[in-house]
Every structure is written in structure tokens, then in C-alpha cells.
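Structure in C-alpha cells, see below.
The chains carry the letters A, B, C and D, assigned in the order they are written, with residues numbered from 1 in each.
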Amino acid sequence: MANLTLVQAINLALVQEMEKDDRVIILGEDVGPNGGVFRVTEGLHKRFGAHRVVDSPLAESGIIGTSIGLAMAGLRPVPEIQFDGFLGPAYDQLCSHAARMRTRTRGAFTVPITVRVPVGGGIHAPELHSDSPESIYAHQPGMKVVMPSSPYDAKGLLISSIRDPDPVMFFEPKRIYRAFREEVPEDEYVIPLGRARVVCEGGEMTVVSWGASVVQCMQAIERTGRSIELIDLRTIYPFDMAAVEASVKKTGRCVIVHEAPKTCGFGAEISARIMERCFLHLEAPVQRVAGFDTVMPYYKLELDYLPDASRIARAIEETAAY
Amino acid sequence: MPITKVFSTEIERISILDEHGKFDEKLGKGLIPDKDLVKLYEAMVACRHLDEVAFRLQRSGRMGTYPQNMGQEANSLGAAYALANDDWLVPCYRENCGLFWRGVPMEMVLLHWMGDERGNAIPRELFCTPLAIPIGTQMLHATGLAWAAKYRGEKRIACTFFGDGATSEGDFHEACNFAANLDIPVIFFCQNNFWAISVPGKIQCSAPTLAQRAVAYGMKTVQCDGNDLFAVVKCVRDAAEFTRSTGKPHFIEGVTYRLGDHTTADDARRYRDAAEVEMWKTRDPITRLRAFMKERKLWDDSKEGSLKERVEKEVAAAVERAETIAAPNRTDFFDSMYAEIPEDLRLQRDSTQTHGLGENPSQLDGVEVRKLDHPEHAH
Amino acid sequence: MANLTLVQAINLALVQEMEKDDRVIILGEDVGPNGGVFRVTEGLHKRFGAHRVVDSPLAESGIIGTSIGLAMAGLRPVPEIQFDGFLGPAYDQLCSHAARMRTRTRGAFTVPITVRVPVGGGIHAPELHSDSPESIYAHQPGMKVVMPSSPYDAKGLLISSIRDPDPVMFFEPKRIYRAFREEVPEDEYVIPLGRARVVCEGGEMTVVSWGASVVQCMQAIERTGRSIELIDLRTIYPFDMAAVEASVKKTGRCVIVHEAPKTCGFGAEISARIMERCFLHLEAPVQRVAGFDTVMPYYKLELDYLPDASRIARAIEETAAY
Amino acid sequence: MPITKVFSTEIERISILDEHGKFDEKLGKGLIPDKDLVKLYEAMVACRHLDEVAFRLQRSGRMGTYPQNMGQEANSLGAAYALANDDWLVPCYRENCGLFWRGVPMEMVLLHWMGDERGNAIPRELFCTPLAIPIGTQMLHATGLAWAAKYRGEKRIACTFFGDGATSEGDFHEACNFAANLDIPVIFFCQNNFWAISVPGKIQCSAPTLAQRAVAYGMKTVQCDGNDLFAVVKCVRDAAEFTRSTGKPHFIEGVTYRLGDHTTADDARRYRDAAEVEMWKTRDPITRLRAFMKERKLWDDSKEGSLKERVEKEVAAAVERAETIAAPNRTDFFDSMYAEIPEDLRLQRDSTQTHGLGENPSQLDGVEVRKLDHPEHAH
């Protein structure tokens, strides 16, 4: 057991899966000798060689499209897209191909790829380096979407994703890549996809979140001093509605928190599902604390964009008072 | 030296049995044994007949939109013949002839166009991927498939087909560039049929050849008379040998022509000259080969007659199989979304509803819901 | 006034805007002499010439990317993407560039393009010819998203879209391209973006829909015989929440209907907003009748996928009984 | 004829003032008047100095990530000099020198990297688009901009810049292909600096030149010593003349080198040899030009000294302007999303909240809400 950052936990998961399964190969921009711009693949090129850790041309559609072919032939590619904002060129190969291959061939071909992408804001990066595209991919049938919020979860979820027989978008909240450390077992373990984590239990209200926002939620909850149940979704699709439902039926109140723009963010889906499942138990309208419906501003204003503990705490207080 | 030459190249065009029936003995000798030649000819005729039948099926409402392959049979057929049986064939949708040669049952292609995904469930041992509808996207998959073979140390290569229009897509570029720079053994086979629906070839590539697309990648390339089965076989054989031995990709432009409409949804008279079509009819790969075989005494009218009969039977049987396959289960499309159906989706499947009260009818326990008689939609 | 199909109404709007404003130019695959695969641009090439109605290379990112440049220089391009499923390759230029140009340049450059796309299922087309991508683009700040459900609306909305100073995704429900005719004034008129249409008034329940589904909703409503208020959103973003809110506050019940997959479809957003705005007025949980969370199947099963009058009517009845 | 030649081409490389200081009088004579040469040199020195200052600003936390232009100044400068002032410049992010020459204030570039969109609000009369972060995407905009000029019958052309890495993107291909086939007057200027962050050029293009990318489109193309200002001016001038007169695009590969790290977030020692960098330092466009000017008696150490002083002042003043500009309004980013703010977004802006009760506080009328003292985040 070692005290690891999220970056280190992911690196460890990659090392272990590559050791174990030579169908796992990594490709992407700068993933080789440079170890990735965030150093997530550090040391892998040296350890596993240039044929398993491949610096690719600068072409996101190419990275995903060739990964699809690799996967159709039975390998388990783990492509990296360097930043959230550069997923755009790969959208078509992801949504029109990776996600549809199994069903359009009725299972004759499958695409077990795990697409690693650093996402989210808060690191003072240039434009298109701070987006949160999870709901885009959750809207695409055939995709799975995962977003860990801690080193421990990251390792277990990544291993599950790599072993999953279907395409997985593995979104890494870059804001917390090195923000804190956690005990992460050296031994292999998996965290099943589709299962949420109850970060803390409470009876007054449910807060649902994922990714880096989970950290802001914890701060906000502490600030309010209330008995709040915080659910970290961990997997955006398939999502653990059972966990949300059970909690909201208990508390009657819910605040959902995410970085992506509010409109059509995944918060909308959770809110609509709570409506469908917990209607008679609701004591207040479900609230969404989210990114504004604007483009993430350049970094001078990014903290004005991101949902922070103040906005979350305010929503909690107002929901509690309602 | 202020002005220096840093690069020069030239591109060849290969023709063996030309449109006037002239056969180049030097290049053509021994290329295709007579026995095979007859079989290849028969395969083209069968494919052409399927095209005609499919057209009629569509017109009579028994099939959806269908893109005829008419006139382009030699390209995919020559490739499938020249390649090893376990090389990947990664087609677009005008490669029926090659797919059939490889062993894909005709009814699978029919099923695809009859709106049934089971037509894409091609047995893995055939090493073919299904027809690709979105233009320009499958070349990247071919590159990945060939890369996997290289990664595993297999001798397998991939050959992917696409139209002139497809070479305008960014994915085409990325596929060629990946293959060239990462040394991946793919043959990029462009079926230049001069049209992308109604858009003429010059809008896709105003350069004198499509073969020169490959120069951008430092990739070997050749132009080939794609209506000449001999030329196609030679070009693919050479390319395959090069690709297999060096691990590097190779480009082939097969110059051909789409004799029919783009698909049954199209009316090509709106945008192209009848004279152009007539001219290309004289270069048809099938009539050209038949004349050659007759001249070489490999073929005669009686053989043609009995072939016609056989082919009609074969195609009719394929149509029969396609049309009599049991209708897919109405919830089939749920089951193949994931290896294991997510709980949420299972609720949708089992209830065939998406609204919360339909998915979870227990919320309506004790509530009286008015029942409407709603005629189900016709199937 | 003439009795026109939706295709004809759009064609008429294009003709009139092109007559009026020579900054309007059309580009796309087969839009020229062929008049588009659905004949929406029929006659325009002949009438306005090859420089204003341009057959482009087969490259969706190129169509949108060059349209952005044309628009930055002050023109008003109306690019066509041939089918919904081929928007994928253009996703990046649309969401990373068209939608962001105004804000990233603080107004120095703008992108007044109107992207026409036939969308939706029901015409027995091949794969990737039947998608409904509206929520993807509604999630992108900077975009406007429009979807008419009738010839009259189509003309007025298209004219507004072309004149709008911001990028507009103009989604044309191909299923009703020729399904019915409507009186469409020859004279110019605009329908403002962001304003819903109350198709029929009623007190028992609100049904919210858009595009081709509006037609199914009308059938379903008729079948139930109930007093139902049907709201056709017309513009998906910015959406007319005021209209929805007023109606739901009156009726207390709501069913939302759309073709796109349920999860993260735009129905989720409407449901979540109703939660936020009308909580105390709700007498039943808002329901969504939507496409399933699967890829649209090939056409043998497409009618099993699409929300039809039966599914809608059932949801209405169950919501009424709740 | 069975084997015919269907295409051949060759590509030239232009060098005028080579890395050994050798000047080709024939090509170079009269290319740049002495007076201009001095100004161009000064512009490069100023740009280089800004680079150094920006680096220090970043290291001391006064600026975000910054990509140095060091070593590549001659490419964009030569282009901006050779083009007309109302030709579009469509840069990536290593064209500071050309942008400054055109008249973009230094502080706009600084502001951009200080995380402030106002750095992109380039006055329209400068005919420059802002720095482009997503690689490979701006060439399509350049094509559109030039197309608009053609549509309007203006004489304006566009020149767009991008790296070797960018040529791997599909959008690069589509931009070239649109321009070539639709006859759009764009100069595609590739700054080949041999690296895309840590990925070496051969992974982006294993062909002998990047200039040959253009052959795929039948586009005119040339390779140029991009560290030789004279060669750049000549190539761009020739290309501009060609493009302006024919309406057709032209490709230029400017061979240069990234002397610094990719950006301040990068450490190039992790992946490239110090010896390679040292070798390229000897080919620096600035030292090369200085030596030439000294030899021609256009320059001396005292001029260099006073230039240094002027440049330091100029850059310091730009930094001062960038740093003292009033902070953007905290809700600025709402106001520029649409020409007119949608109602829904106005609620978000006015309340600076997204949750329904925050946007519409009237729902809480009469309800007592506990107030937390929440320290606002630091700015």
C-alpha cells in the first residue's frame, strides 16, 4: 500500500494491466518517451517498449479509429486523448463507430477500448483545455463513461474499464491529478462499473456529484455542518440510479453538482430520473449546481465559472430551507 | 546551392487487357490460370445479376435503398483473388464481388440492405468487415486491423476500399498517415468511379490522378485500369507482396466507372451525360473479359447460357434465404448494445417503454389507468 | 399563399433569402445541380449560379470549417450536412469553433452560419441516417438549435436562423419532409427563435415535443380524447421555458416526447427545469417518451424504436391517472 | 501501352542566405531593400526578447503556459512582410513576429496567454485571426476567409500557418483539398520545426519533405529554408503572386527549428538531444541576418546596443499595459456568448447561480435561509 496521487494510481493500474495482459497497448500524442503531458504514462515506454506504448501522429480521429481496428482484431487499446477539448475531432469515430460496432454487427465485432482523457477546469490552462464532456458521451448508446474522483477509485475503475468488453470513456479530472494522495493498494482490485460510492452518509439531503466536483462538495458540506449524504457517481453511464434513488427516498432533498454546462449536463438526467423515481418522496425541488451555459472562460475568470464550495453550500442551504 | 531539388517522383499506370481487347502478353502471361479466370468471370456475372435483382427488389418495395456495384466488379474481385484468404478485406459498399469471392454469403449483403443488422454479422474466419455506410471512416479501422496483425507478428495485411469521394474526408488522410509513419501493412484501394453521388471527381481531387494522394505520405502508389481484371490482380499482387515484406502501406487507384445510379434513391440523369455512361459501357470489365475468354477459347455462348441459368438460381436462392429468415425479435436491438445489458436499459427493454411510470409500473399500483385500444404499428 | 410541403417551404425560404441578401451562400454535398439528396435546394443552382450554390468535396468538417471562415469574413453561409449521422466529422468545427468564436474573440469575430441537417428516423434509411442529435448541440454554449415541425414554421424559422448573428443548427425532420402540406404565405415572415408554439390548448396535461414527434403527439392526444395542451418547442436552444412553465403550472402534469435516446436527451433538461420551476404545481412526475437508450436499429425494427402514438398515449393515460 | 507514366513532379528548395552566411546574389538581389532589412531584423530581435520576458513572466507566476517562438521568427515575419497588409494572416501560436509586424499590439498576445479573451479581440482592419490553440483547425477558416474574398471579387488572399504536427490532422487535408478543388487563394505555410511537443517529425510525416503533402492536391509547393528571411520573403512573394493571379492555393514548407521547449509546461530535455539543439542554434535566423547586415555595413555593435535598449523598453511597456489592464468584469463571459443574451442565460448571469432556487429566488419568498459566511475564492 502506498500513498499515491491520482496520476500515480492511474500509472500503476496501467503498469499492472500491461504486465498481465499483452493485448493492452497504449497509443496517443506524447505518451511515449515523454510519458504524456501530465506524466500519466511515465516510465511505460521504457518498461514495455515502443511497440506497446506508441507515440502517434497528431490526429485524434486517427488515434480512436486505429484503436477501433486494433480492438476489432482482439487487442485492448488504451488510447489517450491529450485534453478534453481535443476529443472533438474523435467524436465521429467514438460515437458513430466505437459505440455502434457491437450492435451493428450483432456481436460479430466488438470494440473494447478505454479512452483516457484528462478533463475539467481549474488548472489555468489555455482554451479548450478545461471542458467536461461527460454528458455528450453518456447520450451515445453503446458507450460507457467513467470519472473517478480519487486515487483509490481511479485505479480500480481503470482496471475494470480496461477489462470491460465495451468502449469506455475514462475521464480523469486533471484538477485533482496531484491535489491529494490516498492509500492505494499495490495489489490488484477492481471497482465495478455502474456502482456509485457513498462518500459520507447523512439524513438531511443527498448531494450527487462526480469527478473533481466531489472535492468541492465535501468542502461545501463541511461548511454547512449538515447531515448530508454525498454520492459520488463514479460511472456516468451506466449510472447507479439505485443508489441515488435509495438516498433521495431517505432524504427527500437533492443537489446535483457538476462542472459541465447546466443545460443538458448529466445533472439534467439525474434530476429527471429522480422526478421519475422519487416523486412522492421529494420535499424540495432537485437543484443543479453546474457550470454556466457559457463556454469555459479563459483562466482569469475560470474560478468564476466553476461551481465552487460557496455556490454548492448556498444551494444546499436553500434546498434545506425550502 | 540556392535552388535544389529535394523531391521527385513519378506514378505509373498499369493496363493489361485494355478496353480494345488488346492483351499485354508480357505482363499478363501466367498472371491468372485459365481455370481461375473462368471462375472469376463467373463471379462477376453472378455479382452483376445480384445487382439487377436487388434493384428490382428495391423497386418493388422488398428492399431499402441499394447501391449497385455495376461496372466496378473487377476491383474488389481482383483484390480478393490476389490476397491471402486471411488478409483483411475492409470494404465500403461497392465491393460485393470481392466479398462474395471471399465467401460472404450473398444473403448477408441482401439482409444489410433489407435493414437487418444480421447481415453484418460476418463470420470472423472470413476476415471481412461489414459494409460501411459513413464515407471515409473504415480505412482507419483497416489500419488498426493491420496494426494488430503486425503487433502479433502475423503475416496478415489489410486491404481497404473506398471511393474517390472518400479521399476528401479527413479520416482518409489520417489513415494513410498513420499507416505510412507507423509502418502498418495496409493496401489503400481507391475505386475511382468519377462520381460521388452527383459530385464529379474534380471536386474531390483536381489533381491529375488520385494515385498521387499517396505521395503526401511517401507511400508507394500505382494507378490501375480498374475495369481490367488482369491489371487489378497484378497491382494488388505486387502491392501485397510489397506490403507483406516491408510492413509498409501501398496505395492503388483503380480507375473504373459507376454504370448505375448512385443508389436506388438516386437518378443520375439529373447530373451526368448519357454519352459519358455509354462510353464507359464499352469499357465494362465483364464484356471485356468475356471477349478475351472467347478469343482464347475458354468460353462460348453455350457456357454463357448455362452460367446464366446457374447464376439466376444462385441469386434467387440467396434472395429466398434473405427473405425467409425469421424476423428479428422486436427487442433484438437492446441485447447487442453491451456485452451485458445495463439495468436501466433492461427496464426499457422489458417494458418497451421509456417513461418512468412505464418502466416501473409499481408506481401505479392501486391506481386505475384507462386502457386505450391502440392498434400497434404495422410491421 | 400556397399549399406546401416542408421541403418546399424550406426551398422557398432559401430562395427568398438568397434573393434578398447576396451574403447568403449555400454549400454542401450534392446541393448543386442535383438539388440535394432530398431536393431541398432544387433549382437554386440554376437560379443563383455555381458561385452561390456550391457542391463541396465530401468532407463535413471542411464544409463547416470553411463556412466558419466565410462567416468570419461577413458572409452568411447556409451549409448543408447531408444526414444527421454525418454531423460527427463536423462536431469539432461546430462546437470548438463556430460556437466559441464570438466569445473567444469578445465579439471581434462572429459566425452567423445556419447549418441545415435532415434528422430523425422513420424513412427506412440505412444506418446513421436516422439520428436526432439536438441535445448534443444544445449542450454546447454558443449554439442555437432549431427544429420545425411544420411547413409554415419551417419557413419562418429558417429565415430567422439565416438572419441570426450566431450559429444555428437547423434540424429538419426528414420524416415529415413530404408527409403533409400546409398553407405557407409567399410573403416573407419570421418566427422568432426561442419562442414555442402552443399547438392546441388544454387543461388536463401538458405535452412538450418538437420536430416530427409533434405529429405523433397530435395523434396520441386525439386518441386519448383528453384536454391536453401541446407545446411545440420549435427552438431547442434557447428554449421557451416560460411557455412550458406557464402551461405546466396550469395543468400540473407533463409528458415530454422526443426521438433521441432518453438518457441526456433534451427531455431530461425540460424535466429538470420543470422540477426547478413548477415543483409545487406538479401533480404527477414528469414523464419522458423517447427513443430507447440504444442505437437506432436498422429499418426492420426502426418503428419499434421510435416513440409512437401508442407509447405516447399510454404515458399520457398513466400520467393522468397518477 | 501497358505501363505508362501518368504523373511526375519535382519539388525545389529555396535558400538565399544560408547557414554559413553565404548569400546568393542572383536570387537575393533587390529582394529586400536595406532599410526594410534593418527593420525586419529589429522586429525579430523584439520578438525574441518578448519571448524571453514571457518565459520569465510565466516562471514567476505572472502568466500561464506560454509557447516560445524562439528560432522560428523568420517564417511569419517574412510572410507578413511579403504579403499585402489586407491579406489575411491566420496563425497558429508561433507567429508572433508576423503578427507584430502586421500591427497586432504585443500586449494582445500577452493577454491571450494571461488567460484573457480580450487578447483575441484583434481589430478587424488588421486582417489577422487570433492565436489558435486546437491544432490543425484554423486552416479551414483561412480557406473560408479567402473564399469570401474571391466571392466578393476582392484581391485579398489568405496565408495560414501551422506546424509539422498539424499536417497529421484531417482538417489540414480538408482545408488543402477544398482550396485546391474549389480554386481558393490560400497560402498554406507549414512551419516544420521537427517536433510536435515530444513527437518527432517522422511520426507526423515519414516522407522526405513536408512540401510534398501538397502533391496530393495537385497544389503548387516549395520547400524553403525557414531560418533564412530572404528565402521566406522570396517564397511567400512568389506564392502570393501565383495565388493572387490564378486564384489557386500554394503550399510552403518553411524548414525551421523550435529552439525552446514546446511551451513553458514542457521540458524538452526529456526527449531530445542537446546536440541537435546546439546544431540548430548555429542556424538561428537572427544571428544569421545580423552577421549578414554587419558584413554589408548595415549594422554594428552600437546599433545593436541601442536596439537592445529600445526593445527592452518596448516589451516592458507592453507587459505593463497587459498587466495593468482592468480585470475583466466577472460576468464578462456571459455577455459575449450571443449577440443577445438568452433569457435563461441572463438569469444565470444576474444571479451568478445555476440552481433553480438561486436563479429564481422568488421561490424562497417567506422562507428563511441560513446564511453561511463563505469566503469568496481568491482572485
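Worth pointing out:
By definition in this document, a residue touches a chain if its C-beta (ideal position, glycine included) is under 8 Å from a C-beta of that chain, and two chains touch if they have at least 3 such contacts.
Bear in mind the structure is a predicted one, so any value in this text is a computation, not a measurement.
When every chain is reduced to the mean of its CA atoms, the largest separation from chain C belongs to D. If each chain is reduced to the centroid of its CA atoms, chain C and chain D end up 38 Å from each other.
With centres taken as mean Cα positions, chain D sits 42 Å from chain B.
Centroid to centroid, with C-alpha atoms defining each point, chain A and chain D lie 34 Å apart. Chain contacts: chain B has residues 117, 134, 168-171, 174, 177, 181-182, 203-204, 332-333, 337, 344-345, 355-357, 363 touching two or more partner chains. Counting partners per residue, chain C has 56-57, 59, 61-62, 85, 88-89, 92-93, 96, 103-104, 127-128, 141-142, 237, 263, 275-276, 279, 285, 287-288, 292-295, 297-298 as the residues that reach two or more other chains. Because contacts link each chain to all the remaining chains, their graph is best described as complete. Within the complex, the chain B residues that touch chain C are 64-65, 112-117, 133-136, 165-166, 168-171, 196-199, 203-204, 265-266, 270-271, 327-328, 330-334, 337, 344-345, 348-349, 352-358, 363-364, 367-372, 374-377, 379. If you check the complex, the residues on chain A that touch chain B are 25, 51, 54, 56-57, 59, 61-62, 64-75, 77, 89, 92-93, 96-97, 102-110, 141-142, 144, 164-166, 194, 237-239, 241-242, 273, 275-277, 279.
Listing the residues of chain B that touch chain D in their complex gives 1-16, 24, 26-27, 168-174, 177, 180-182, 202-209, 211-218, 223. The touching residues of chain B, when paired with chain A in their complex, are 117-118, 120-124, 129-130, 134, 137, 140-149, 151, 170-171, 174-175, 177-178, 181-182, 332-333, 336-339, 342-345, 355-357, 359-360, 363. Contact residues on chain C toward chain B in their complex (touch as defined above): 29-30, 32-35, 37, 55-62, 85-86, 88-89, 124-129, 223-224, 255, 262-263, 285, 287-295, 297-305, 307-311, 313-315, 317-322.
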